[in-house]
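One structure is given below, encoded as structure tokens.
Per-chain numbering from 1; labels A, B and C assigned in written order.
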Amino acid sequence: MNISTEISDRNIKRRLLKDKIFTYGMISFAFLSSIPLFLILYELILKGYKQININFLFEVAPDTMDAMIAVSNHEIIPGGIANGIVGTLIIVGLASIIAIPLGIICGTYLSENAEDRFAGIVRFIVDMLQGVPSIVLGVIGYIWIVKPVTGGFSALAGSIALSIMMLPSIVRSTEETLKMIPISLKEAALSLGVPYHRVMLKVVIPTGISGILTGVMLGISRIAGETAPLMLTALGSTAIQTNITQPTSAIPLLVWEFYNDPNLVSMIWSASLLLLILILCLNLGAKAIAKKWKVQY
Amino acid sequence: MESTILAEMPITKTNKKLNVIQNSIEHIDSPVLKIDDLSVSYGGDKYSIRNVSAGIARNKITAIMGPSGCGKSTLLRAVNRMHELYPNTHNKGAVYLGDENIYKLNPIQLRRKIGMVFQRPNPFPTMSIYDNVIAGFNLNGIKLKRPEKDEIVERSLREVGLWDEVKDALHNRGTFLSGGQQQRLCIARALAYTPEIILLDEPTSALDPIATAKIEDLLVKLKKDFTIVLVTHNMSQAARISDYSMFMYLGELVEYGKTKQMFTMPKDNRTEEYLTGKIG
Amino acid sequence: MNSEKIFKYLLASSGILIVLIAVGIVATLFVGSIPSFKEYGFGFIFSSDWNPTEGRESYGALPFIIGTLMTSILALLITFPFAFSISLFLGEYFKHGKLPSFLRSVIDLLAGIPSVVYGLWGFYALRPLISELGINAQGFGIFTSSIVLAIMIIPYASSLGSEVISMVPGSLKEAAYSLGATRFEVVRNVIIPNAGSGIFAGYILALGRAIGETMAVTMLIGNSNKIPAGIFDLGNTMASLIANQFGEAEGLKYTSLVEIGLILFIITGIVNLLGKLIMKKLSA
């Protein structure tokens, strides 16, 4: 049997054309994905920048009547989102206080006992926690705190929900970072007669601090924009609230309120813009830390 | 891909060979492949191989030797333009296959005529043994009838002596084979397509001595039908199976001639130093 | 007890605490669903009634389960060509340089935008467009939500894919090139078969994200409590139903909502487990 293995010019031309079409198609699809981002940024900046001034940061959200009067007089709506800013700081801060130590300790446990069976179970559970929808955590915050502990909606309930939400990313980034640290470093410290816990606290964790902090920052940026769980827990408040057992506002909650109030609608853009800037700063901060504080080993 | 840093030196006038050294490059009559003043760079004006000229003899085994980083792999890859897979490569000079400059051909067409076998066995893990052998046809969109495929698979596997070992497992994946069997499968994959030349880049460096001996026997058998160019790290391998040998050093082709002669009476003292273990 | 031991116990107790939290979540959802389960049994999942009118109260989860699956699967289908292109672009074609790092920043930013902001954009920019195109009178519905969801999950769907694509051994690609394959043929015959299950796992995990997404969907889906007639119809998802109705809920409605939360938890759990299993099989 004589089999021709020659490739005809037509075959090659057709295949090269296919290759070209595919390449250009792929490149265009990849970059088409960036269009929504720019449309969103454009919308936020164009509609939001007017409203942002000093008052916007330091005054509480206006009530509907004031806003209606201002709108009918073609003025800028008075007031700001100070109640939301303070609320976000409190809720996210409290969530961080709960989640960061627990997350770092648990991540350390997982990296130190990599082969342990119980650690395997914990790792699996952390993975599963990562996938729990935020609204479900809102329900949990409601059932655990709102009803039995604070007897009503509260910042604490929101913080608990958000802390469970940020926990997995801290655990996993701590574990991944510590796993990368060479054993020789630990052995060097142990050979100097340093006790195990001091080796971990003074040598291993500080060496991995940039990776851990990056995970922490990303965890914070992940919860800072969350609205759904706070609707079921912190609820919102028109005044600045510093008592964590009371209903408290947050920037994303204010966006939601403004969206639902026809008179306040023009404030959604500036509030969203500010929220986005905050999250962007957290992300950039995480990247800067990862780069600057990186310990070479 | 081995390091090319050692050989990254700019082309200079002094590299234009003196007569003495020119004599150390043997002239091949009616070569199947003619490398003409070829220089290859992986970026910038640092060249990994410089001004290489040589003819490759038909139906012979040509071994390319030299220390790590001398440019032997680069030379091999430049022959079927695999070096172009790295960004920013460029080259001067030409390589003629028959009377066509390969740099004027389409790489697809070229690689169909010049097959290649790599350092580590790399059968496609997602394909069966059968599909691995026939991969050159499938990848190139050449539609064959079932009996044609069967014939090619059987012939190619027989040629590499793998047929009896795998004929009952043709539709299993190739990854369960031993390293030596995998490498023979890769040679079969290159053969199936009946190229004129087969390039082998240190094909036995990942294999044990027994598997290596099998491959060496196979190559000697195959030169009846194919021209074989082999990069090797292993001087005794070159001595055992090759008809012609090239010695490369720092990106230059230092000496090229009949293997027997080169191993007994090298013309260039750098070749001698390499063969006696003083450099390399 | 010496400090050494205390430290070790501290580490292990953090693991125990995590387990307790997880067990607590599951137990809480189960206990909270008991009254509704007693009332409706498994029929709850298959009932399409959602009637909070006093005296004629009746609750069922089917419209929301269907709405959730429709929106998230449609979102995944829409996101596929984009996410796959990004994975290939970053994992194979352009690994280094300015364009890929630009694209990486874009994806990071897309992942950082809060759900509620996506919802706003969908409401004010996308919805009018949908309504103008005559797809749906007011521009609300499953289709609108899915488009916004598709944009939101691009980062999740593409990141694992580009990772596994970049890990396809160079030797296999070289082997294919040496046989004369074009780059497209290398993608189709070498990269996709070798990285396929990893890419797929990424999509499954992205699907998990889409299923649990709340705010953007709440603002766009139309919040109709009936089984949607098609992808252009209004609908509701489990997450957005809880967001909308949990605040004022009491009695049977409250426990029904908790049970819907439980179902949502179980569905996302199964989807994520599936993704993880595929990934594990991949690394083994």
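Some observations on this one:
Assume a contact is a pair of C-beta atoms (placed from the backbone, for glycine too) under 8 Å apart; a residue touches a chain by one contact, two chains touch by 3 or more.
In UniProt terms, the chains line up like this: A = Phosphate transport system permease protein PstA; C = Phosphate transport system permease protein.
As the structure is a computational prediction, the values presented were derived from the model and not from experiment.
The most distant chain from subunit A is B, comparing centres defined as mean Cα coordinates. By count of C-beta pairs in contact, B-C exceeds the other of the chain pairs A-B and B-C.
Averaging Cα coordinates per chain places subunit A and subunit C 16 Å apart.
Put simply, the C-alpha centre of subunit A and that of subunit B have 53 angstrom between them. With centres defined as mean CA coordinates, subunit C is found 50 Å away from subunit B. The set of subunit C residues that touch two or more partner chains comprises 180, 182, 185. In subunit A, the residues touching two or more other chains are 7, 15-16. Annotation for subunit B: residues touching 2 or more other chains are 108-109, 112, 140-141, 193. On the subunit C side of its complex with subunit B, the touching residues are 169, 171-182, 185, 189-190, 193-194. Interface residues of subunit B, counted against subunit A in their complex, comprise 106, 108-109, 112, 137, 140-142, 144, 147-148, 151-152, 193-194.
By the touch criterion stated above, subunit A contacts subunit C in their complex at residues 7, 15-16, 18-19, 22-23, 25-34, 36-37, 39-40, 43-44, 102, 105-106, 108-110, 112-113, 118-119, 121-122, 125-140, 142-144, 164, 167, 171, 195-197, 200, 221, 224-228, 231-232, 235, 252, 255-256, 259, 268-269, 272, 275-276, 279-280, 283. The residues of subunit C lying in touch with subunit A in their complex are 3-4, 6-8, 10-12, 14-15, 17-19, 21-22, 24-25, 28-29, 32, 81-86, 88-89, 93, 103, 106-110, 112-121, 123-125, 151, 154, 180, 182-185, 187, 205, 208, 211-215, 218-219, 239, 242-243, 246-247, 257-258, 261, 264-265, 268-269, 271-273, 276. Taken together, the subunit B residues at the contact with subunit C in this complex read 80, 82, 85, 107-112, 115-116, 118, 120, 122-127, 135-136, 138-141, 186, 189-190, 193.
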